[in-house]
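Heads up, the next two complexes both have subunit A, just with different partners, subunit B and then subunit C.
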Partner chain A sequence: MRKLSENILDKISIDFLRNQVLKNAYGNDDTVIAKLDPRILLVWYLFFGLVPWFLNDVVLLLGIFIFVALTTRAARIAPLVLFLFCIGVFSQTGYLFIVALFFGGNTETIVPLLIMTLKVAVVSLASITVFSGLDPDRLANGMLWFGCPGQLSFSISFAYRILPVLMEEFQNILLSYRLRGNPPSKNGLAGKIRYLAYQIRMIIQAFYPLMLNTAKRSRTTVEALELRGYRHSIQNPEVKKMKLAMLKVTRADLIFVCISIVWVCASFGASAAL
Partner chain B sequence: MNSQNKISQSQKLMVFVLSMSLYGLATLFTELIPSFQVGIVEFSVEYFLFIPLTLAMLFDPLSAGLGAATGELVFSEIMLGQFGGLGELEKFITVTIGVYIAGRLVKNPRNRAVVAGASIFGVFIQQFMGCIVDILKVQFAVEDFEAVAGLPESVFFTEGFACLNDVLFSGILFCMLPTMFLVPKLYGKIEPLLGMKPRDEKTVLGSGGVSAKTVGICVIGFIAAVAAELLATGGFELIDWEASWAESTPAMIVAIIAAAVVALIVIGVVRSRAKVDKAA
Partner chain C sequence: MSIIEIRDLTFTYPGASEPTLKNASVVIEKGDFLAIVGNNGCGKSTLCKTLNGLIPHFIVGDMDGDVFIDGMNTKEQEIGTLACRAGYVYQDFENQIVCPTVLEDASYACLNYAMPDYEEKGKKALNVCGLSSKIDDYVWQLSGGQKHLLALAGTAALSPDILILDEPIAQLDPAHADGIYEVLKELNEKYGKTVIVIEHHTDYIVKYCKNVMLLKDGTVQWILPAKEAMRRTEELQGCNIFPPQVAIAAERMLDGGLLPREPFEKKEEILPVDVNEGTRVFAPYLKNKGPAYKQAARQDRPRDPIVDFKNVTVKYRAVKGEPPKVFDDFSLQIGKGEKIALIGSNGAGKSTMMKLMMGLIRPESGQVLLNGRPTAELPKEELGRTISMVYQNPEEMFIKDSIRKDIEYAMKVRRVEDYEKHTDELLEMFRLTDLQDRDGRLLSGGQMRRASLAIGIALQPEILLLDEPTANLDIATRREIMKTLQMLKGVTDTVVIATHDMQLVCDWAERLIVLSSGYVIADGTKEEIFADMYVRQQVGIRPPQIYDMGRALGIENPCFTIDEFMGYFRGEKYA
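After this line comes the complex of A and B, so read on.
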């Protein structure tokens, strides 16, 4: 048991987290999904993110679920993201089932909850495919094309760039606090609680220097943006057109759309037949 | 630093970037910190809302709120692939409004009592709106909501309890106490880094921080929030109602084919627009 918990703690170190996020963002730009046009994928997501909410047929939902599971596999998503997805689905509907049993529900409660779980799973797998499978810059360009505010697409590109830096800095600050601090002993239940409280307090205190450092960095960032005329350029249609000229719909996109349509139609056929 | 104590556009952008990156980093951690489950009571580090709260009390509240909401959206939802579509809009609005109101309430950041009260109030507003929306979401997603034995009570109970739990546990431990610690400590130190003057009575609302004006803006913001939520749920209802004629499978198939055709048309428009853009 102790070994297991140590193993898990080993896995969720900050380094591991950083690697996973980086891998997720930039590590898989050679997959089938990453090569597709971001605009097509966003339209695709609009369909698979909205339509499942209005379907109530188990077979149909299962068919769509298998399809988005395949696309997720094609996008080669990092394991951490998939793990978080499983936890998310369970925490959204799985615990509701247990509570419903507690309040006198029976096995009939399973069917509506299974439908709801499938809906949630389809929608989040579709979003994982699109938002994790795509290169962040391509994703930002696709969103910009659909008229999303320039701030949002800037935030996406900026977030992926700044996150590894911020994580490293946070880890350094945390380590320096740890070197200087004197943690309480972990003996007994009271000691464990005190130790946990100490750890959390340290994390919160670590944000004090981090805030000051990030303030300096964000000023530098904004001043660099201003020097290049950022605020003028996000309002200028000429600049936008130049920026989006790289987006092209290719034959691979059409094939992907056709496969999606055929699969959804087949699922409908299966649900009608059964 | 300009003489009129006004915040310039680029300084607002600085606050936005600062709030976005810090809160985004924090939400990424909270996604991974495990939660203790004692029976059906869940004790979790819900979020580190103290970061945008602190920034909203020291700088422009609206930029800090928007930055925090964007940071959460980008870092923890889009980056980890947990983007939930419509549901994220609700969180975006509630976080922005909660942080904005809390930031608006504080006139003197050195007054710890006001800082504490404002931060817990901001958390409460955010949680309460989120709770209402959650209940409505489950009601619309599950067919025959009332017919499933034990489900309505359990949803009301768990959501209400989660809301209370979040306000009392996460709200006090992870929002109020850190904000009380950080705001007076950062006051006067972090502002010069962004080239601003520290907040005082003169700079808080442009000219003379009248509390009645603040309250008025808060009320308008709150009404806007409620209206937005009602619109969102009204939209759900509308689609739900439209879908009720399509109970038979053939009708549903027709509807889906229509949707596919619409999607294809959109794609066609995309292509033709791309061509026009290329030609132009």
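After this line comes the complex of A and C, so read on.
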């Protein structure tokens, strides 16, 4: 038992989290989804993120659910994100669904819950596919095309660049705390709680030096941005045009759109037939 | 033709009482390869920032005098125009890289200035900087040296006439450092760029730069051809710059009567600055080549191992594909009381080895024993009492808002008796008493290092690990760190330092361990390692200049210090 809990604790280290985040952000840039045109995917998301709320047919929702589950799989999403998704859906409605099953709920109570769960699941999976599967830089360009301000798209792209740096620094600061600190003993239930509280406090405290260090390094970044013409690019519409010139709708995009349409139509058909 | 002209420039940062630059005047010729030298805080970076328009357009302050770039007054130009003329690579170059992938970052500035062939320009710059194979990589996949090259490429892509680099090789191993300078040389010679570097490695200045400018207290003292400048040993040392070792040796030998005064009437003209010149000057006066001192007896007495790596294999979590192996079946023993220098190029596994000792990384197989107990079983907090590590980046050690609190933190939470008294002692020992209430991050480079060392030894650990303790420091500060290392005797006996600083290695280390892609390829005394040409080439170890000088003169025993070298010029000539 001790081995097991240690094993789990070992997995949930900051290093693991860092790896998962990196995997999610940078590890799936060669998937089918990542290669799609971001504008197409954003429109696609507009449909799959909105329409399910207005549907109330189990078969139809189930069809759409299977489809977004497949796209999520195609986008090779990191396990951690999927895990969080499951927790999310379960805490929203899933637990009610199970409770209803156990305490003699009949179809009348279960079906609405199932519908609700499916809706949440479809929308969440569609979001994961688009926002996690697409590389943030392309996502930013897609949003720029739809008229989001340049600052926003730059922020996304910059966050994408700076994320690994921040993660590593945070890890090191946390280590400073761990190596120099003296946590309470883990014996007994009270001890375990105290230990956990100590760990949480440490994580929170580690943000303070992280922010100061970031502030320090941003001095160079701000100057460098100025030198490298960032302000210039925001004011010049020509730059935006050049940036967006690389967005191209390819055959893969058309195929993806066709499959989506056919699948949704088929789901409609199935729900009407049943 | 002059490309830069500075006239009577005085600049005061807002809130500062003293001006950083005082009446600086200088003319820099087109096509020059200029090194700016001077001690920390003499205004080198500030001067460079006036060239690209950051001062006065972005950093407001009190500016008198004029700066002309190619005849244009910087006051009258847009910062964008100036940035396209004078590119700047920061000392903390990592922070100037703003895009996630290599090609995007290289062409970022060109895109921002709306150049239609921005991608081509970026590619070309990457090509010149030797990064063409990394074009689609993410920035975080690059090594430190490659990141520096990327920062350079991002700047060079705009094809500015002037390139300014602030301490380009401070954090690099010799092989990568050569790489940077070769690129700069090409940019200078083939593409006709004017290159300005802030540099304190005099061997690189002699080898690559054409001229040297000495800046002292915000005033330009002189601009001289590189070799001539390096002969002004007194002035250089007055500004905390190490002149080439052969020059110092020759000077001391003149003063000590080991070289005759006769042909060396004018010291400034004759002091050698590199090994070739040294051979000419020293060879006639060499008294003996044989062992002047007894060979340092090698300690073969086995020591009690304090750290023991047993068949350790380490893999990193990969973002994509197979997890890379850093160590494969790695075994090594570290004895009690050893002074070890860990050498190897960037990415050879030095940090991984240190992290293994600290129990921060768990080996995939095998184990690391600390005093006979596997580190995996020891709780981190107990490890902290036995072994302590000072990071390369001191900022990450500051977790409180004053250095006093930082130093006492570990003792306080462990309820060490008299921790306040001990903190006072540490502050005193590292000369930090006056700074004790300041935030560590706001100190100068040398002060930060001292503070991080004080934090590292606060618990009086048995083993101290130092990651690049002398990177980025000028000689005064480096000497201080060396002194501090001597002071550790009695408190902490076993010290392991990962470093590229061969001066430090020669002066301090007793055992050298050379790592290359996860394997120990050499392990021995400095005499053994430096004599091994294969290892030297493999890892790009560069011994201090005086060692090469001794070799060139045919002295049999290796010389690691100037005193040892001078020993061969004493006494009777016997051959």
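To be clear about the criterion, the second predicted complex is superposed on the first by the 257 of 274 C-alpha atoms of A that agree within 3 Å, B and C clash if a C-alpha of one lies under 4 Å from a C-alpha of the other, contacts with A are read in each partner's own complex, and residues count from 1 in each chain.
Quick note on the criterion: a residue touches a chain if its C-beta (ideal position, glycine included) is under 8 Å from a C-beta of that chain, and two chains touch if they have at least 3 such contacts.
Nothing here was measured: the structure is a model prediction, and the numbers come from that model.
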- prompt: Looking at the combined model built on subunit A, do subunit B and subunit C fit side by side or clash?
  reply: fit
Query: According to the contact criterion defined above, which of subunit B and subunit C contacts more residues of subunit A?
result: B
- request: For A:K248, decide between first (touching subunit B), second (touching subunit C), both and neither.
  value: first
Task: Tell me which partner A:N141 touches in the superposition: subunit B (first), subunit C (second), both or neither.
output: neither
- request: With the two complexes superposed on chain A, say which partner A:H232 touches: subunit B (first), subunit C (second), both, or neither.
  value: second
Query: Between subunit B (first) and subunit C (second), which, if any, makes contact with A:P164: first, second, both or neither?
result: second
Message: With both complexes overlaid on chain A, does A:T117 touch subunit B (first), subunit C (second), both or neither?
response: neither
Task: Mind working out whether A:T71 is in touch with subunit B, subunit C, both or neither, as first, second, both or neither?
output: neither
Field: First (subunit B), second (subunit C), both or neither touched by A:V43
entry: first
- prompt: In the superposed arrangement, does A:N172 touch subunit B (first), subunit C (second), both or neither?
  reply: second
Field: Which superposed partner A:A272 touches (first subunit B, second subunit C, both, neither)
entry: first
Query: In the superposed model, how near does subunit B get to subunit C, counting Cα atoms only, in Å?
result: 6
Field: Intersection of the subunit A residues that touch subunit B with those that touch subunit C
entry: 158, 160, 205, 208, 212, 216, 218, 221, 223, 225-226
Field: Touching residues on subunit B, where the partner in the complex is subunit A
entry: 9-10, 13-14, 16-18, 20-22, 24-26, 28-29, 31-32, 40, 45, 48, 50-51, 54-55, 70-71, 74-75, 77-86, 138, 141-144, 148-151, 153-155, 157-158, 173-174, 178, 181-182, 185-186, 189-190, 193-195, 239-240, 243, 249-250, 252-253, 256-257, 259-260, 263-264, 266-267, 270-271, 274, 277-278
- request: Can you check the complex and tell me which residues of subunit C touch subunit A?
  value: 52, 54, 58-59, 79-80, 83, 87-88, 90, 92, 94-101, 104, 108-109, 111-114, 116, 118, 138-140, 154, 317, 319-320, 358, 360, 362, 380-381, 383-384, 388-389, 391, 393, 395-399, 409-410, 413-414, 439, 441, 455, 459
- line: subunit C partner, complex, touching residues on subunit A are 10, 15-16, 19, 22-23, 26-27, 136-137, 157-158, 160-161, 164-165, 169, 172-173, 175-183, 205-206, 208-209, 212-213, 216-218, 220-221, 223-230, 232-233, 236, 238-239, 242-243
Message: Considering only the defined contacts, which subunit A positions touch subunit B in the complex?
response: 12, 17, 21, 24-25, 39-40, 43-44, 46-47, 49-51, 53-57, 77, 80-81, 84-85, 88, 95-96, 98-106, 108-109, 112-113, 115-116, 119, 123-124, 127-132, 139, 151-152, 155-156, 158-160, 162-163, 166-167, 170, 200, 203-205, 207-208, 210-212, 214-216, 218-219, 221-223, 225-226, 231, 241, 244-245, 247-249, 257, 261, 264-265, 268, 271-272
